[in-house]
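So, here come the structures, one by one.
Shared between the two complexes below is chain A, which pairs with chain B and chain C, respectively.
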Partner chain A sequence: MIKKIIVILAMIGLIMMLFPLVTNFEFLENLNDLSTNYVSGSVNELNSQNVVTSVIVTYRGLDTLGEVTVLFLATAAIGFLLKKKKTKKRGSSELLQTASSFLVALIILLGVYIFTHGHLTPGGGFQGGVIIATAFLLLILSDVNIKFNHTILQVVESFSGAFYVVIGLIGLVLTIGFLNAKIIPLGEYGNLFSAGAIPIIYSLIGLKVGSELTNILDTMRGE
Partner chain B sequence: MISVIIIITLGILMIIAGIVALHLKNLLAAIITAGVISLLASVIYLILGSPDVAMTEASIGSGLTTIIFLYALNKVRKEKKDD
Partner chain C sequence: MIFALILGFALLLIGIYGMLSQKNLIKIVIGFSIVDTGVHIIIVSIGYLRNRTAPILNSVVDLGKAAQQVVDPIPSVLVLTAIVIGLAVTALMLTFVVELYKKRNSLSIDDYQELKW
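Presenting the complex of A and B:
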């Protein structure tokens, strides 16, 4: 009884807290100064079509580095806490195995496309990395006894993480700011090789996220 | 106008799915209902004009999280059986 009253009181408190958000809401007719700066800077200074990507990778690059670090810590914790015991299991049907060995390459291609075109189309390193991890999930589902080479996964993960920080530090050395994309020539607007270092940084993030999530999936399935 | 109606409908569906996920006794069904919430949220993001967030929500929220929850559920069940 008391529990229910407390829950109802907490809900009323939440409604009181959030109600001003609804009543004070008004549509903005113009972008504010910061947004205007980001939108014009993304197109004019960075040559990037996707404003979201240039904000994530360059203007708020340090936050993205933090996100990648959080993901790395989560992977390390899961690998540390869940020990792997090996058991033999029954394999899946031949239909699934044949179809998935055909599909895996296509799914990886889609993931690579999404993170290399992060500055041109929606999507980027995190989304592409997750799609690559789902390709490996399909492999795990189709062949239960499959083993991944953990050395390669770890090498890919550590090298992409290290290069990501090195690119940021190059920006500091050239005194244009940490993780600034202007450390290499910007190229032509709208091309694949444009927007400075953004495609490189996003590809590194994509590889890192993909290998980390594959590692998580591989650890979780271990019985 | 029509997009507002769609968004409100999807929001109500999300709330219903959340309540259903809390009250389901079958944990497997509850996990899948929680994945449906993320899927509906990603459709809302797409209608509101943010395809980047929609892609993240659809792939991580409704894809990977559901799979990891399923693996965790499997593990918990196995360990209960062993005890």
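Presenting the complex of A and C:
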């Protein structure tokens, strides 16, 4: 009983704390200087259509490297904690099996499309990687005893991570800054081959995220 | 969007209430996930500007005056990062729940009192 009262008091306190944030909130009329710089820099410096992508991959590229590291650490911890065990479960229905053999290739294709077009359309490495992982989830659902080749998954994951760092270091060697996309020619605005190294970096991130999430799904299905 | 802001704060409060009042570990993880979504909606709604389009500068946007025509890209960037981290943290929390269940055969938080004061 006393616990409930404490919870309700805490909630009332939180509501009183957050209420002025909502009532006193004023929406901006213009972008601030930093955002304006990012928007104009994305057009003039980087030739990238998607401003969000150019901020993530180039301007704040170091943060994205940290983000990928956090995802890798979480995957490693999950793989360490959940030991795989062999369980025989009954197979899925024929509908799901037929549909998944038709859909898996298309879903992977959609994922590849999304991460290679991250600098042109809404999308990018993380989203494309998650879509690729859903294709493997469909495979797991349709055939519970399916085995993935872990060597390939690990090779894809570690090589894409290593190349990501190497591309960042090339920028340092050319003295234009860590993870700068201008290490290769920028190309024509609005084309697939534009925005310098952004599509390459985002494709590497997409492969890394896809293989990591597939690894998580593969470890978690043993439970 | 003031409605989106209110919705975000409402989700935040619902999630915190769920985390405080529920006993089941899985439900606590779900509460965390709801808080996560609420915070994402709050951050995105802060970056909203009236009568503007998404920060993707294709043929719809006049490139010379792009900064006057798009919403703030920085909250979107922060939320994209936060979604990925949230996914990783949720998966890790569920893994801990599975491990705890294997140890004690119980999902109730009342059975784990080692750190209670």
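Keep in mind that, in the parts below, the second predicted complex is superposed on the first by the 222 of 223 C-alpha atoms of A that agree within 3 Å, B and C clash if a C-alpha of one lies under 4 Å from a C-alpha of the other, contacts with A are read in each partner's own complex, and residues count from 1 in each chain.
As a convention for this text, contacts are C-beta pairs under 8 Å (C-beta built on N, C-alpha and C of every residue); 3 or more make two chains touch, one makes a residue touch a chain.
Everything numeric in this text was worked out from a predicted model, so none of it was measured.
K.L.:
Which partner does A:Glu26 reach: the first (chain B), the second (chain C), both, or neither?
P.N.:
So A:Glu26 meets neither chain B nor chain C here.
K.L.:
Does chain B (first) or chain C (second) touch A:Glu67, or do both, or does neither?
P.N.:
A:Glu67: touches chain C, not chain B.
K.L.:
Just to be sure I read the superposition right, which of the two partners does A:Ala133 touch: chain B = first, chain C = second, or both, or neither?
P.N.:
A:Ala133 contacts chain B only, not chain C.
K.L.:
Of chain B and chain C, which one touches more of chain A's residues?
P.N.:
C
K.L.:
So in the superposed three-chain picture, is A:Ser42 touching just chain B, just chain C, both, or none of them (first/second/both/neither)?
P.N.:
So A:Ser42 only meets chain C here.
K.L.:
Go through the superposed model and pick first if A:Leu34 touches only chain B, second if only chain C, both, or neither.
P.N.:
After superposition on chain A, A:Leu34 lies in contact with chain C alone.
K.L.:
Looking at the overlay, what does A:Gly123 touch: chain B (first), chain C (second), both, or neither?
P.N.:
In the superposition, A:Gly123 contacts chain B only.
K.L.:
With both complexes superposed on chain A, which partner does A:Arg221 reach: first (chain B), second (chain C), both or neither?
P.N.:
first
K.L.:
With the two complexes superposed on chain A, say which partner A:Leu14 touches: chain B (first), chain C (second), both, or neither.
P.N.:
The answer is second: A:Leu14 touches chain C but not chain B.
K.L.:
Does chain B (first) or chain C (second) touch A:Val52, or do both, or does neither?
P.N.:
A:Val52 contacts both chain B and chain C.
K.L.:
For chain A, which residues belong to both interfaces, chain B and chain C?
P.N.:
Dual-contact residues (chain A): 50, 52, 82, 122, 124, 126, 130, 216, 220, 223.
K.L.:
Taking the complex as given, what residues does chain B use to touch chain A?
P.N.:
50-52, 54-56, 59-60, 63-64, 67-68, 71-72, 75, 78
K.L.:
Could you pull out which chain A residues touch chain C in their complex?
P.N.:
Per the stated touch rule, the residues are 4, 7, 10-11, 14-15, 18, 21-22, 25, 27-32, 34-36, 38-40, 42-43, 49-52, 55-56, 60, 63-64, 67, 70-71, 73-75, 77-78, 81-82, 120-122, 124, 126, 130, 190, 209, 216, 220, 223.
K.L.:
What does chain A use to touch chain B in their complex?
P.N.:
Contacts found on chain A: 50, 52-53, 82, 114, 122-124, 126-127, 130-131, 133-134, 137, 213, 216-217, 220-221, 223.
K.L.:
Flag every residue of chain C that touches chain A in the complex, lowest number first.
P.N.:
2, 5-6, 9, 12-13, 16-17, 20-21, 48-50, 54-58, 63, 66-68, 70, 72-74, 76-77, 80-81, 83-85, 87-89, 91-92, 94-96, 98-99
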